[in-house]
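Let me begin by presenting the structure, written as structure tokens, before commenting on it.
A, B and C are the chain letters, set down in written order, and residue numbers restart from 1 in every chain.
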Amino acid sequence: MGPRELILGNIAKSLKESALSPSSRQEIETRLSAHANNTVPRRGQGENEAQTALFIAEAERVNATTERLDGLEQVGEAVLRYLASHNLPGSVKVAPHPLLENVDWSKHPTLDVARGRAEDSDQASLSVARAGVAETGTLVLHSGPECPTTLNFLPDNHIVLLPQSQLVGAYEEAWEMLRGDSNAMPRTVNWVTGPSRSADIEQTLLLGAHGPRRLHILIINDKKTT
Amino acid sequence: MQSTSRHFNSNARKGIADAKLQAALSKLSHGFPVKRLAAMARLPEFEALRDDARDIKEHTLANLGTYLEIYEAKVLESGGHVHWATDAADACEIILGICRDVDAKTVTKGKSMISEEIAVNEYLENNGVQPIETDLGEYIIQLRHEPPSHIIAPAIHLSKEQVAETFRGEHRHLQTGRNLDEPRTLLEEARGELRRKFIAADVGITGANMVIAETGTSIIVTNEGNGDLTQTLPKTHIVIASIEKVVPTLEDATTILRVLARSATGQEMSVYNTFSTGPKRPEDLDGPENYHVVMLDNGRSKMLGGEFHDMLRCIRCSACLNHCPVYKAIGGHAYGWVYSGPMGAVLIPGLQGLAETHDLPGASTFCGKCEDVCPMRIPLPRMLRSWREKAYAARLGSTKARFGLAAWAFLARRPSFYRPIMAFGVGLLALIGRRGRFSTLPLAGGWTASRDLSAPEGTTFLSQWKRGKR
Amino acid sequence: MSDMAQKDTDKKNMDKKNVGLFVTCLVDLTRPSVGFATARLLEAGGCTVHVPDSQTCCGQPAYNAGDKVDAQALARNVITAFEDFDYIVAPSGSCAGMIREHFPALLAEDEKMSARAQGVAAKTYELMEFLHDVLGVSDTGTTFQGAVTYQDSCAGLRELGIKEQPRALMAAVDGLSLKELDDGESCCGFGGLFSVKYPDISGKIVDDKAEAIEKTGADVLLGGDLGCLMNIAGRLQRRGSPVKVRHLAEVLAGMTGDVPPIGETKE
């Protein structure tokens, strides 16, 4: 008997000898396809504007910075300003995301824009969040040709574009959005709540352990455009 | 890793005498628990979420075989592989095999308690593959060849000076006169060292906080982002999971994540919660080409449905350690193996044998705090007591204590003997204890070593009551 | 006594709650004053107090040591001695917790005893909760001058949920001011046999507790469990601390003049 059969056999045996009451295969299939919500905190529920305010407050509690923009045309300017404010060179690795294709980068000749996955030498990246969760100020990003995962982790400075229309109250709503996009999970879904940190040395909290030292969120008012 | 659990008492004494450790533990007592309370206060649904989390796991465990099969099918569907391992040796061999298949020289690792449990680092190293821990705390203790002293803060027992010394000894290519005085400079140095290793690694190994049957997904939870670099940059990603980690759906996993960080560090959510499903898709610009899951049993299938069943709900959050008076007095190394605190005292005897480890379940005041804070509502004291019953039946532990207890119980079961003998005893003690207390007393050395013993008033309550005193 | 009067007394006695006082082995043997204080409080609350002579120990030491057989025997003894009373009251969260929370499980497989264990469990109370919740006592009418701090018993707190009751009763004591302990819900390191089996660990925990007690600036530590109190008193005395230790029942019953603090002599 191989290890798989051995383990599953042991499990079956233990369950049979126990007082636990198993469900039928049908019940389990139904539970999986229903994927019902459990308790969902009320905290994130409300109007889009209230959710945006909560999202900002929660993200800033965990050391992210945020900025609200009126439209995509302000993105280039905001990125430049952000880089300058941290004395960073005017260059950014940008996700090859359709939304960012709408940004007219040529208006900012001092900004060096490259597209693709992140390399170790990249100091700043710009990616697009699939959703923002107001409950805890969490960004939901996922992998795909338009959004390489390395952008979220390698560069020291991570700038994320979040269309305000993509703000939801709870994580469960973000799962529904992803299920609507495709019936298979992407390789990676990242929930990001603030910049990287560690308290492993003397319980002193320090930002920028292995991932980004800074997380800057650009919330775009896209009500006009969507 | 060689277990030193049988030296629990001397380990504990060492911990109590270690001033640096004591400073760290006192900081811990005022850190995580306070933040946990604050996080709970902000979330009125917290108790309801705990109930949900417990129920999700209980449902899954009652159907464990089915959920594992569904999970496995989903992993395969997404292009990954699942390897089943009955024990630590199996798991190590499988992992080495995967590393050899891709000619791996170095392997980066995200933090994983299961990898500590199976001691895979040692095994890889002995077989020519260099494992590199990337969680800051794990990296430090790997350099020092120490086991973790806390399940989520593995280097909590070390001072920054000790870390600096370790770095100077290990990072010999760096300038000798460099400043390593502050946690910040130490972190920067580790970050710099590990960055190169992340990029050079051939394989990345992570643990899994949970795996999801619905989608074939594995989850890691970190604050540093090390786990993500570990599992994104190398060509091969290996996940070490154990059979009890499965949950049905994304929603179920979400519920458990809501209680995990709050119970652990008091964060509302850890910085990075990462859900991985299969290898990179052909059109993706990054991500691993191979995705392997090693599904470990190591005694868990036998725990199912038995007296230690509830322990299978454990999500390794560390709340029970952070609130345990014994853990906070002695630190994690006293437990002598990779787990510690109440959860360790329940798990270790099962994994290492009770004969050598009976002091772990023995050393509890049964104050109940662990069960009170456990997000999964695991009855830890009840299980510690189960171990004590087994130890008592097997006649493990000090014969003096057993004899004393047996003598006491013999009398207490026979009130007509008990009364006069006790009355005589307390009268005598009161006579010699006229100062009101004893600072030493024959046979009471365990007590009087660290505190005085108050003398009895002299006559028992029952005899006075019988004589009519009110 | 005339027939009429006799009838009246009978009726009164029938209305009175018959309480079995489980005094606990520690109180019986080492500090009877707590037992008398308890009896006074119960009588003042309108109860008839009964003290069965066959009581010894609730069996917790054996139970916690993994000695189930002796624990079961002692549990049966308690049940037989106490099951006929309306209520069973103990001046200890730990012993009341043993009877209420553990007897039913301990005797679950004993066909004859299991239902009786549940019956006894259902009417067992710790003293403070009984006074406050069952008898509805909000003020014992006593005076105590001084700043006190209070150590909750772990079993009382977490097994029985006792937290507000002793505080409500203390608040009504004239002259008493309460200074809460930092990290007050943490264990004092007693743990019964734990304290002698693991003296170093127990000593470290109780030392931290003693330090927290001193930090409050209180003159007296009160509590509801004699085991914890003996442990803490012993450590405070070893540290040379001026803080005195007493069972809350002594304060509520106005008996502090009759008996010195734990581990002290009269005068």
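Just so we're on the same page, a contact is a pair of C-beta atoms (placed from the backbone, for glycine too) under 8 Å apart; a residue touches a chain by one contact, two chains touch by 3 or more.
Worth saying up front: this structure is predicted, and the values here are computed from it rather than measured.
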item	value
Category of the chain touch graph - line, ring, star, complete, other	line
Centroid-based (C-alpha) most distant chain relative to subunit B	C
Identity of the most central chain, Cα criterion	B
Chain centre separation in whole Å, for subunit C relative to subunit A (CA means)	54
Averaged-CA centre spacing for the pair subunit C and subunit B, given as whole angstrom	34
Chain centre separation (subunit A, subunit B; CA means) in Å	29
Touching two or more other chains - residues of subunit B	none
Subunit C residues counted as touching two or more neighbouring chains	none
Subunit A-facing residues of subunit B, complex	24, 27-28, 31, 42-45, 48-49, 52, 56, 58-59, 61-70, 78, 84-86, 90, 134-137, 140, 153-156, 158-160, 163, 183-184, 186-187, 191, 194-195, 198-199, 213-217, 223-226, 228-229, 232-233, 243, 248-252, 254-255, 257-258, 265, 267-281, 283-287, 295, 297, 301-306, 309
In the complex, subunit B residues that touch subunit C	9, 12-13, 16, 29-30, 33, 323, 325-326, 329-330, 362-369, 371-372, 385, 387-393, 398, 401, 405-406, 408-409, 411-413, 415, 418-419, 422, 425-426, 434-437, 439, 444-457, 459-462, 464-466, 469-470
Complex interface listing, subunit C residues touching subunit B	23, 25, 27-33, 35-36, 39-40, 51, 53-57, 59, 61-68, 70, 73-74, 77, 154-155, 157-159, 183, 185-187, 189-208, 230-231, 233-235, 237-238, 259-260, 262-265
Residues of subunit A touching subunit B in the complex	2-4, 6-8, 10-12, 14-15, 17-23, 25, 28, 31-32, 35-43, 58, 61-62, 96, 116-118, 120, 136, 138, 143-145, 148-150, 152-154, 171-172, 175, 184-204, 206, 208-212
